[in-house]
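Please find one structure pasted underneath; my questions will follow.
The first chain written gets the first letter, and so on, giving A, B, C and D; residue counts start at 1 in each chain.
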Amino acid sequence: MHVRSDETGVDPAGGAQSVRVGIVGASGYSGEELVRLLLGHPLARLSVVTSRQYAGRTVAAVFPRFAGAPRARELVFSDPAVEGLARDCEVVFLALPHGVAAEFAAPLLEAGCRVIDLSADFRLRSAEVYREFYQHDHPAPGLLEDAVYGLPEVYREAIVKARLVASPGCYPTSILLPLIPLLRAGLVRPTGIIANSLSGVSGAGRKAEIPLLFVECNESLRPYGVPKHRHLSEIEQELSRAAGEAVTLQFTPHLVPVNRGILTTLYVDPVRTPADVTDGEALLEAVAKACDAAYGASPFVRVLGGSGLPDTKNVVGTNCLEFAWRLDPRTRRLLVMSAEDNLVKGASGQAVQSLNLMCGFPETAGLV
Amino acid sequence: MHVRSDETGVDPAGGAQSVRVGIVGASGYSGEELVRLLLGHPLARLSVVTSRQYAGRTVAAVFPRFAGAPRARELVFSDPAVEGLARDCEVVFLALPHGVAAEFAAPLLEAGCRVIDLSADFRLRSAEVYREFYQHDHPAPGLLEDAVYGLPEVYREAIVKARLVASPGCYPTSILLPLIPLLRAGLVRPTGIIANSLSGVSGAGRKAEIPLLFVECNESLRPYGVPKHRHLSEIEQELSRAAGEAVTLQFTPHLVPVNRGILTTLYVDPVRTPADVTDGEALLEAVAKACDAAYGASPFVRVLGGSGLPDTKNVVGTNCLEFAWRLDPRTRRLLVMSAEDNLVKGASGQAVQSLNLMCGFPETAGLV
Amino acid sequence: MHVRSDETGVDPAGGAQSVRVGIVGASGYSGEELVRLLLGHPLARLSVVTSRQYAGRTVAAVFPRFAGAPRARELVFSDPAVEGLARDCEVVFLALPHGVAAEFAAPLLEAGCRVIDLSADFRLRSAEVYREFYQHDHPAPGLLEDAVYGLPEVYREAIVKARLVASPGCYPTSILLPLIPLLRAGLVRPTGIIANSLSGVSGAGRKAEIPLLFVECNESLRPYGVPKHRHLSEIEQELSRAAGEAVTLQFTPHLVPVNRGILTTLYVDPVRTPADVTDGEALLEAVAKACDAAYGASPFVRVLGGSGLPDTKNVVGTNCLEFAWRLDPRTRRLLVMSAEDNLVKGASGQAVQSLNLMCGFPETAGLV
Amino acid sequence: MHVRSDETGVDPAGGAQSVRVGIVGASGYSGEELVRLLLGHPLARLSVVTSRQYAGRTVAAVFPRFAGAPRARELVFSDPAVEGLARDCEVVFLALPHGVAAEFAAPLLEAGCRVIDLSADFRLRSAEVYREFYQHDHPAPGLLEDAVYGLPEVYREAIVKARLVASPGCYPTSILLPLIPLLRAGLVRPTGIIANSLSGVSGAGRKAEIPLLFVECNESLRPYGVPKHRHLSEIEQELSRAAGEAVTLQFTPHLVPVNRGILTTLYVDPVRTPADVTDGEALLEAVAKACDAAYGASPFVRVLGGSGLPDTKNVVGTNCLEFAWRLDPRTRRLLVMSAEDNLVKGASGQAVQSLNLMCGFPETAGLV
C-alpha cells in the first residue's frame, strides 16, 4: 500500500501508518457495521461516509450507538461523489446494491483508490454467469479480471496486492471456508453437496418490507429463495476452483428470528466411503489434517473438529467462523457445520480483514 | 369405543357422547398443551390430571392461562395412581418420559382403559432397536405388538380400533407425513434421504437446564444430537414400512429461538432422475397426485405443492402440518419442506386426533 | 337483535340463532384477529371481508394459518362497498384507521346494520377533544351521542342495545378495567395517576416502516409517544366518568420485543393514606371488595389481588385481562398491574364480546 | 496505584503501565463480561480467573466466544484461593453472590490487593440497612467505612484513591445517574419519585431455574420483586446523599425478553411546579444546565435532553448510559428515561471504569 506519510497522520509506534478510508452507502446493516469497525480501527481513519438518505447529518446522529466515538460526532454523511472520495481516501468500501457498486468502482480505481466492494458485482469471473443470476448485463465486465475474491484465508497473497477486492457474501463464506480444504485435499466428492443455511434477519437488509417486520419474523421459521438463490453462483465458482472441476451445489437458505448469525449445515460424501470404523478414523484424521493445514495460522477460523458443535452465539460480534464435523457411521456421509456473524465475518469484518492485508497491517487490527 | 352412557354425561345433540379422559404427567409442555386442548374439547371431559410436583393444586392455579375455563378452576392435580385413573377415565394420555410411560400403560390397559402414550415407549416394533437407541431394555415388550403408531393420516383404521396408541414425536411427524406418500408411490429413492430440522425450544421440554435458559437460546442457532438422534429409530421404521425396504436416514436437528414450531427441509432423489423439463414436469405431477391422494381428505395436512413455502407461523397453535416441494433443475433433487407446531401436530394435538378416531368423534373435534 | 331467521342458517340447539357479520379492513393485525375469532365463532357467520389490497383472494390464501377452516377457503376478500355489506351483514366490524372508519359507519347505520368500530372515531364524546388529539375535525360528530364505549364489563347494558359500539383501544382497556372500580368506590385519588405501559409490536400495526423491522425491535426497549399519546383522550374521559371529576393521567407507552401483550403498571394514591398496617389492611380489603363486586361475574377479568402477579403469557391468545395489586408500605402508594393480549381483549376479542352482548349470545361465545 | 514495573510487562508507549488483575467467580454473566472486557483491555493483564465449576479448563474452552484471544487459550480457571490471587494480582474483581464476596474482600485487602466488588456487600454504608434488605448480618461491617460506591461520574476522586470499590448494581445505575444532578441542583422533589424499570433476562443471572427458561421468558412481560426489591436500599442511600435528605423511592422492576439492557422511566415532580409555558421552559433549561455540568466531561453518559428518546439498542455492548427527559405540560411532572447495558455500564464495564480510575489509566481504556 502506498501510504502517503504526510497525509495519513500519526504513527504512534513507529510501525504501520494509518490509512484514510471511505464508505459509500453506509446506511444499511453492512455499512453500519463497517462504520463501527472502522471507527474502532487503530490504523484506519474514517474520512468519508456517504448516504443520500443521511447526507448532512453526523454519524453519531444517525447511529446513536456510535456516539461514544469522538470521530462519530464530527464526521458528517455526504452525498456520494467520486471526486471527494478520491481526494480524501486511499481505500474505499462500497456497501451498495449489486449493479450500483460497479458504477463507483471504475472511476474510483481510475482515480487511484483501492476499492473493497461488498456487493456481488465483482465476485464472479464470468459476465455470463452474472447475467444468468442477476438478470442484467454486467456493468463493468472489463474489471472482472482484476478483481480478487476477498476470502483472506484462501486468497491472502492476491488480496495483499489487489486494487479491487470483491468481498464475499455471508452465505458463501459460511460454506466455502469449511469445504475448500476438503475439496482441495480430494477428501470429499465434488458432487451431491448440500448446504442448508439459517440466517438472521439482518441478512435481508434494512428494508421497509412487510415480511421483515418484527411480528412477521418473530416466532417464524421459513425457507426462501429456493431452489436457485443468487449466491449460488459465487459459491459454485469457488468450490469448483477448489475441486478442480465443476461443482453443482444444493443450497437452501432459511430465515430465522435472530438479529445476526448464519448457521450452515453441509452434507458431503467422502471420496472413499469408509467401509468400517478404521476407515472412518483414517478419513477423520485426514480431514483434521487438511483443516489444520489450511487454518492453523488463521486467526479467524476456529476448527472445532469432532468435538464441540458450532453455535452462532459464540461468534456473533466477532470476525470468527467456527466449524465442526461428524462422520455418520450409518450413512457414511460427512456432516460439516459452521457458524459466523453474517455482518462481520460474513460481510464487513471480512472486508476490514482484506483492508488489513492490503495495507500491510496486522491481519487482526481492529477486529476481534 | 365402549362408552358407558350412564357415566359419560350429557349428549346434547343426540350424537356422539362425551368421554372421560385423564392425563398422567401434565406438568411438561406437552402435558400442558393436552390440558389446553382437552379443556376445550366439546366431547371429552378432563376427569383426572396427575403430577407429583403439582398434586393438590388446581389446574387454574398451576396454569393461569387456563383459568378462564370453569373446569380448570375445579380440577385438582393428583398423584399418579392407576386405580383412580382406571375408575375415572375411559382413555388415559401418558405424557411421561420414556421408560416410565410403559409402567403405567400395562396396568391401565389391564384395567380396561384405552391408552394414548406420547412417549417413545411403544413407537418401535422391535425391542432390540429400542435398546439400541434408548440404552435400556424395553420395560414392556409384550405390548409392542398391540401398539398402533398414532399417525392418523397413515394408520387411521388401526387407530380407530386401537387399545394402545403410540403417538409420534414432533420430528418424526414433520418428516413422515411429507415422505410417506412419495415412498409408497415409488417416486423417490429410499436411500440417501436427508432431513434437516429446526425446532423451537419447547421441544426440549420444561427442564431447568442452563443451555435452555433464555439468554443461552435467544440469539443462538445450533445443531445438536448429531449424528444419531433417538427419534431416528422411529422415523426409519416408518419410512421403511412405506418404502417396503430398509431406509437409512440422515437427520440433523437444530435448536432455534422460537417457542414453538418445527421446520423440516428434506432432500430426496427421484427414482427416475428427470432428464429434462418434460421429465421434471411429469415427476412433479406424479408427486402432486400422490400427495393429493394421500391427504386430499385429511383436514390437518395442507399440501402447498409447488407454490407457496411453509412457515411455522402459519401452523403454530393449530394441528396442521403444511408442506411444499421444489424440483431443483440443477441438481435434479427434490426438496420437500414442512412446518408444524411441535406441541400440537407434533405431540398433543395429534394425540387428541387419535382420541377422536378411537371414540368415533369427528376427526377435528376440539382441534383447529 | 333483529335476526331474520330465514337467512341466518341453522339453529342447532333451538336457542340463539347465528348472525351474519362483515369486517371492513381485514388486512391489519386487528382485522386478521377478528377473522380468526369470527371463523371460529359458533353463532356468527363471516359473510363479508373487505380489503382493497387483497380483493379477489380467498381468506385462506391471504392468511394461510386459517386455511384449516372451510369458510376461509371459500370466502373471498372484496373491495369495501356499503351496499354489499348492508345486504349481506347484520353486524359490521370496522377495522380501519381513524378518520376513515366514520365514513363507513354513517351509511351502514343508515342501511340498518349495527356497527362495531375498532378505530378511535367514536370513542370520544366530544368532537373538540377529538380534534385536539387527532388533529382533524371529527368526520361524523352527529353520531358521537349514539355511540357506546364498548367496554363490556363497564357498559354491558348499553352495549346490548347499541347500534354503534366504539370498541376501546388496547392501552385504554389495560388501564380502565383495573382503575374504574377503585375510582368508583372512591378508594383512590383521581389526581396523580401514572400508567406505565409496555406493548408488543403488533400494537403498532402491520406497517412497512423501518422502526418496526425485526432487527430494529428485537433486543430493543424504548419509550415512545411521550408525553401526549392519542389514547390519553379516551382514557381520561372514562376515568373521569368513573371518578365523577376530571382526571388527568400520566401515560407512558413503551415498545418491547414481543408479538402480543400489554403489561401496564399503575401508580395510584389511596384516598385515605394508610397510617399503619391495620389501615393498610383495611384499604386492601376495600380494594378487593370493590374489584370482586365489579368483576366477580365477569368471565374475562381475572382478579389476582394481592397474590400472584400478572404475566402477559398467561393471557396471550385469550380474551382475559388479569390484574394484581400491592400496597407499598414504604411509599403508601398502591401499585396495580395488569396484563392482556393487545389484539384480543385489547381489540378484536373485546369487539366480539360486544357482538355477543348485542346479539343475545352467551358473552363467552367464540372466545376463550 | 503501585504498579511494580518489573512484573507488569511491557509498556509500549512509555506511558501508563499495565496492571495484573484477577476475577473471582467468573462463571456468571457479569463475570463472563468482565473476562471479555479485560481480555481486550490494553493496559490490564488478566492473570487469574477462578470458578469452582470450571477449575482446570481454559477460558477459551468455557467461553468459546473469547477463543480468538490468545490469552483466553492459555489462561486456566482455578479454584478461588486468596494466596494465589494476592500473589498474582494487584487488583481483584469479585463477581460473587452477596454474602460470599465479603469473605474474599477482607483477606485480599489485608494482602495488599485493591478490590472491586460487583456484589451488594459493600454498597451500603449501614450494616443495619444491609440486614434489613439482605436478611443476614453483614459479614464484614468493619470494611463498610472504607468502601467507595463505584459510580465514577459521581465519586471519581474517591475511586481514584479507593482500596475497596463497591461497584453499583444495574438498576441503581440506571436510576442514579439521571436523578443525582437534578436532586443536587434542587430542581426536583425528593419525595414521590417513581422508577419503573425493564430489565433483560441476563440481569437475573445464569441460574438453572424454570422461570428463566427461554420458553418462559420469550413472549412474556412481567413485574417481579414488588414492592421491595433489594436494590432499593442502595438507590435510596445514594439519592438521599444527593438530596441531602431522606428519599423514599417507588421502584418496580419488570422482566422483558431481551438478553441485555435496562430501560428505566422515572417520574419526578419539579420543586417549583411550572405554572405556564415560560416557567416550564425555565425549568427545562435548568435541568439541561445541571445535567451538562454533571456529565459534559463524562465519556459514558449521553444526555439526550428534550430531543431523542433512549433505546437500549443504542447502548447495548457499550459502557454508555443515555437519558432524555420531557416535561408533561398536562401533569406538570418531569419524565426522565434512561437506557444502559445491564452487564456493561450496569455491572462489568462500570467496574472496569473504576479500575481505570484507580490505576491512572484513561477512563475509557478498554471500553467503548
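Remarks
Throughout what follows, contacts are C-beta pairs under 8 Å (C-beta built on N, C-alpha and C of every residue); 3 or more make two chains touch, one makes a residue touch a chain.
Predicted model only: the values in this text are computed from it and were never measured.
Farthest chain from chain B, judged by C-alpha centroids: D.
Two chain pairs, A-B and B-D, are weighed by contacting C-beta pairs, with A-B ahead.
Centre to centre, using the average C-alpha position, chain A and chain D are separated by 36 Å. With centres taken as mean Cα positions, chain B sits 41 Å from chain A. In terms of their C-alpha centroids, the spacing between chain B and chain D amounts to 48 Å.
Shared interface positions of chain D, i.e. residues touching 2 or more other chains, are given as 200, 216, 218-219, 257-259, 311, 313, 316.
Against chain A, the residues of chain B that register as touching in their complex are 192, 194, 196, 198, 200, 216, 218-224, 226-228, 248-250, 252, 254, 256-263, 265, 267, 309-313, 316, 326-331, 333, 335, 337, 339. Across the complex, chain A meets chain D through its residues 12-13, 40, 64-65, 67-69, 219, 299-300, 302, 308, 311, 313-320, 322, 368.
Considering their complex, residues 29, 200-202, 206-210, 212-219, 257-259 of chain B touch chain D.
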